[in-house]
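In what follows, structures are represented as structure tokens.
Shared between the two complexes below is chain A, which pairs with chain B and chain C, respectively.
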Partner chain A sequence: MWWRSPSFILDNRQQQQPYDTARGDALSIPLSSPLPPSTTMADPNPNPNPNPLTDKISAYYQTRAAHHGVVSSDWLAQAQAAVGHLPEGDDDANTTDQGASSGKPFSVIDEFNNWRKQPDLAEAVAAIRALAAVIRNSQATTMMELEIELKKASDSLKSWDTTSISLTAGCDLFMRYVTRTSALEYEDFNSAKTRLIERAEKFGEISYKARKIIAMLSQDFIFDGCTILVHGFSRVVLEVLKTAAQSKKLFRVFCTEGRPDRTGLRLSNELAKLDVPVKLLIDSAVAYSMDEVDMVFVGADGVVESGGIINMMGTYQIALVAHSMNKPVYVAAESYKFARLYPLDQKDMGPALRPIEFGVPIPSKVEVETSARDYTPPQYLTLLFTDLGVLTPSVVSDELIQLYL
Partner chain B sequence: MEFLCTAKKKRSFRVYVAEGAPKYQGHCFAKDLSEEGFKTSLITDSAVFAMISRVNMVVVGAHTVMANGGIIGPVGLNILALAAKKHGVPFVVVAATHKLCPLYPENPVVRLNELKSPSDLLQFGEFSECMELAPDSSACVLNVVIVNPAFDYVPPPQLINLFITDIGGHNPSFMYRLIADYYSAEDLIL
Partner chain C sequence: MDARRGSLPVPRVRQVGFFTPNAPPAPTRSQSGPPNSSSPPLPESPASNSLSPVMIPPPRHHSDNLAAAPRPTSPLPVPEPSPFRRRGAHAGADNNAPLVGSYNPTETLLAMSPPATRSPSDSHAGDGESEVAMSGGWFRRSNSAKLASSLPSGTFDFSSVQSTAEALKPTKVQNRVGVSEASGRPAPKEQQPEAPSSSKQPKPKLTKAERRALQESQRAAKAATKASGGGKSVAASEEVTTVKSVKQHQTQKKDAPHVAVSVAASERKGGDKSQEKERRKDAPAPRMQFDDKSRVDKAKRRSVVDQTEARNRVELFRHLPQYEHGTQLADLESKFLQLDPMHPAIYKVGLQYLAGDISGGNARCIAMLQAFQQVIQDYSTPPEKTLQRDLTAKISSYVSFFTQCRPLSMSMGNAIRFLKNRIAKLPLSLSESESKSSICSDIDRFINEKIVLADRVIVQHASSKVKDGDVLLVYGSSCVVEMILLHSHELGKQFRVIVVDSRPKLEGKALLRRLVVKGVHCTYTHINAVSYVMHEVTKVFLGASSVLSNGTVYSRVGTACVAMVAHAFRVPVIICCEAYKFHERVQLDSICSNELGDPDAIGKVPGRMDVNYLDDVSNSVNLQLLNLMYDATPADYVSMIVTDYGMIPPTSVPVIVREYRRDHLLI
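Right after this comes the complex of A and B.
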């Protein structure tokens, strides 16, 4: 749901009214989610902005900040606390495995959260594993019941965080992949269930291995002596660069700082460990350094039907600059991120907000643009590296049809 | 050539041929065309931008068609494509399906180009004028470096308007489909 009006005065008047209704809005993320708050939230928010939209803080980006934020002492303390939770989570899964009727009922959200806490695992893969666990732990005795349970679990996962595109797309694709099989024609329910579990595990494996495939495909495009500009902390892009570094290619990387998540700092840490020469740029310095750059590499939060991508705020800007200077923009995205969306402009997607702190208190009348992501149209992208192969943006809609049909 | 001959049966038109240094194959082509009865004009490569406003369409052949719809062709093609784009002239590529290639042009300047002998540009006799003897050795040092690339890469999608293949006319963004049809998936993932 999006709203925009030609006049910001009207906007302001409207803001006063839905302030009360936003509290009861089903879309607002419950703040009691079992999630260690990120470092930026740990600081007392110096911005006393009575903006009702702060209720809808995107949990997806909170997670990413939690995974990718620079380690600070607050974070370490929270990490210790989180590790303390983890063994209990495993016990829960074990007891329900044995079909014990005591103990709390199997919750897909809990399972999902357990998987999600591993920083190496993409969110959609965590969701897929959680859904596979749903099948395993299901008490259903007929196929219909199992499918309904699966659908319910998938819906609850999707509604847990409505802003995450890869989560929604991953759940949808999982449902299609698993249930669209002729093996469901078995008379014996148990063997059909086993078959479903096998397919679910296989899908999880494919998604997990997608990063390696993408890294392999993109090796040809990194030549000796090239300069790569990277934006946002994408684990896929990191894998690509790691593989290139390990095959002894000589290249250097420019990292944008990536406010407010400090993704650039984190990425430059990782690259420094690989002995790749890294240079940090503030986000505004991209156009300044673009002439030295040979190619731009970004990941994606979601790939949409038009062939464009949704990624961290700032990607659109960089793509525009690269396009105007004739530099190729390469996107590395796994296939489960392909979503059935077609945004027509920047505000067409649901809002995903991140609190931004400026370090100094801001007067309450000043608004802050806190959106965490933007949409890059396909004409500014050169190629997409996916586990389905190397694609041009115009091919994406074809692949989407094949995936979703 | 065949393309133009078949077209001649239905329409009448002038043909401008760029001479295509350093091989000057344009000269032979223009001669063949005039023997077939076309109204032909021969221009130098540098005159392409000047003459482009007088033409309605640019037709070229290609050496290969890449997976993203770009083409590799004889050197000078990129200039022609840029000139056509600037003046809004349609750029049509005539290429049969046996020219399709599943590779993507990663770094076309380096990877997909061949440097040919500089003798095309400069006669060996003239070399001696460019060389000078290094004071402390008897070897000859060449003062001038001669680069003679054989191929040119034309990037889609802005520059190429239409592909004419033996199975019909297509958009450059459709080329990947033909490649997927003609090549098996194992060929595509290198």
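Right after this comes the complex of A and C.
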């Protein structure tokens, strides 16, 4: 909703003036104070291979696995530390950003990588912050120049990891804001530039807010005594379930294991902390337990133009099973995951591969399907919970048309 | 008009009475009722209210609208009888105001006159009325609901008033006859024999508002009675309809000698024409229903193209125009010199449509627009006229000529709408040459942006979906699909094409030839084999004549079949269609709006003497040949629509229509 019109942006700004300034301070102070970069974040997240072209490992899914994947006790401790000290993460990124800008030539990709190391930061937000850093470091003196520079940066970002839909969507969204919005007219270049940067800073907060909105919207659909099947780990879904638990709803959750990075384990862990009854299923037990399930809740890596979703492997088959048993399938996704893509079938997307551990050596003759994601067509989805409201799949395209055309 | 005359010898009253024996005086009455109430869109209502009043209130029956709305093909629609009719109504209302009370005045008047006077003139009156009713096409349809429903309640109503009415009636009627004759109204001759109907004329002095109010009240009363008497004798009335249509047919034949009269009438109508055109501009004209004989006859009399109607038409598709092919062309060519108002460019394009030389939505649309461009270049505003109005009227007349040659496609309708809108929006301050050049450049831009560039964008989008190793199935010949295939081939993609074709047009062969020449690997098959080849297909690319706002794709007949088979095989179906072909209409089947081709085309196989089994039976009454041109593919079978606005699901068509319709018109 926030990008629907520039006037909305202005209204929002007026409303949130106090909050914004406070936040701006929080962001600007660490910028000016160079802290020693904390390594707690970087350690459990080995840098994904920044060159996906040589071996087709999807950086996006690597990061996901690193963020939400296998749960170990020390990892949990670290994660908690990271979640508890978000500003610290900001410090870390910001300082490296500064270092990058002052020392070696600025690279948007490094910048982006710095941002996305934070587990709580959505990829689109990281992309937009990286682009904001481009603006900050830009030597351009005209809007046009800046636009061209940004375009280049976003193109290089997009081509760096073609598998990440929200990265592409985030770049597109920000580019659109820069090129199309009328909020920037009638201003001199410098104030326009600062406004763009402000905007990018605010984006993270918006993405956080979007989760809250989605959680609120979905509360009407969770009723007492229901059983919810979730697949994989999604921050939005977690937020939804957390809000439901906090509002004293009685429900239980079936978590799939989420092989190969076992993100389901992480989710069940989080839910157990909230005292929500959780049952873990292996991925192949979905159909077996579907009759007990009242609804399926999944997140999405990307929502495509047809209204279908691209999500971690296994979503499609869950949706198929649920559809055949007439169970509703709900998708929770922020609107910045809407992408102008239109896959016709499963293979109609760029491959996003990911190494899979089987625990035993696999003979070289055996081929392994390493794709990390699948496409769920819109006819198997019931509703999408987004920060734009509760949408049927067909509305996604309408929103996209209004946004991009 | 002439319909009435022709009917005089036919004892119409008795016939109708036959169907509603329970309501003795009703026949005439019920007959006259509906047309009266549904004829408020008066030809003489000022041009300012370009939307006819009937369009505004919710129609009680769809046929009302049919009657009211202007038609492209019949330049002399219903309103013809209405002047008398309405005046009659007012006369009735005025004279009988106290006794009629709540009910439709004319109805009562007419209903009562037979028992009251039984004079020959009166029976004629009834006759005339009923005939008029028939001549309006809507009547036959509205019959089924309205006649039936208005009958019973009307009778009761009537009986309550009758005593007083009978006392008053005879003198009144005679009175009025006298007046009308005395007043010597400059009415056309054909009116004279029908004294009673014209006798109701002498009170035209109501103001517009009064008339409007009266009509409203009548309408309300009607609706009430309809509701109360609802659907008792629907079945019976249906019989009425069919029998009547037969009768009507006879009377139409009798009409033939009266053409001269009709010409007179049309001359008299001249003044109304421009107003009608105004209206036509605003309200999208409903298609002419060709099962309604009188209207078709009227249209035919006006039409330039002399079309012979095919004899055995399929029952379900009678409302569509169907003509014997091949006869008109020579005839039209011979008429060339007589048609002074027709611009040669228009004439040429019309003939090309007729002969089938130009086919395909884009080609037809471009040809039409370019013809209009030439017209506009050669155009000079006649004295005492404004360019905006006169040119619009001219274009409307050309459009109706095109429609006679071949029914317009929806894309052409959109283009015409665009053009008229541009003309109407021209600032008055522009000089003639400036306006002309501005319109011409608008047309150029429309062709360029909405067709040529749009195609290019579609090709870009769609060829991104063609992957190496694909097997693409195409049906028929769509120019944009062909461009996609060729472009993908130029990009070096390795794919195979299956061209599916169907009789009788075999358009796929031309496409096949062009593809093969370019070096594309092709397979050619007929639609009969589509289920066999479908399992190896990975994508289906189809063109469309139009995409309707419920996502229904209106396209060459056979497309729906291909799409359904593809859907059953879970093969994605990609429709490629420019956004200017999108239409806000909703259509659920391919019956209500379609085009009929030459029936002989499917009955005969040229060059195959051994299969010409139908040669000797082609004129048999038992044989009906149906050659449909289009069909409607439901949105469920469509995976994606590629337009100039990108790739969208069929559910998003209304968004495009809503968001960009204004753009279409304004560019």
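Points worth noting:
Convention: the second predicted complex is superposed on the first by the 305 of 405 C-alpha atoms of A that agree within 3 Å, B and C clash if a C-alpha of one lies under 4 Å from a C-alpha of the other, contacts with A are read in each partner's own complex, and residues count from 1 in each chain.
Operating definition for what follows: contacts are C-beta pairs under 8 Å (C-beta built on N, C-alpha and C of every residue); 3 or more make two chains touch, one makes a residue touch a chain.
Keep in mind the model is a prediction, meaning the values are calculated, not measured.
In the superposition on chain A, A:Val390 contacts chain B only, with no contact to chain C. By the touch criterion stated above, A:Phe358 is placed in contact with neither chain B nor chain C. Of the two partner chains, chain C is the only one touched by A:Glu305; chain B is not.
Look at A:Pro378: by the touch rule set out above, it reaches chain C but stays clear of chain B.
More residues of chain A are touched by C (comparison of chain B with chain C).
Of the two partner chains, chain C is the only one that A:Ile401 touches; chain B does not reach it. In the superposed model, A:Leu344 makes contact with chain C only, not with chain B. Of the two partner chains placed by superposition, A:Tyr288 touches none, neither chain B nor chain C. Residues 394, 398 of chain A lie at the contact with chain B in one complex and at the contact with chain C in the other.
Residues of chain C touching chain A in their complex: 465, 467, 539, 572, 574, 639-640, 645-649, 651-652, 655-656, 659.
Put simply, chain A touches chain B in their complex at residues 217, 220-221, 223, 383, 389-392, 394-395, 398. Chain A makes touch with chain C in their complex at residues 305-307, 340, 342, 344-345, 347-348, 378, 394, 397-398, 401-402, 404-405. The touching residues of chain B, when paired with chain A in their complex, are 67-69, 104, 106-107, 110-111, 157, 173, 176-177, 185, 188-190.
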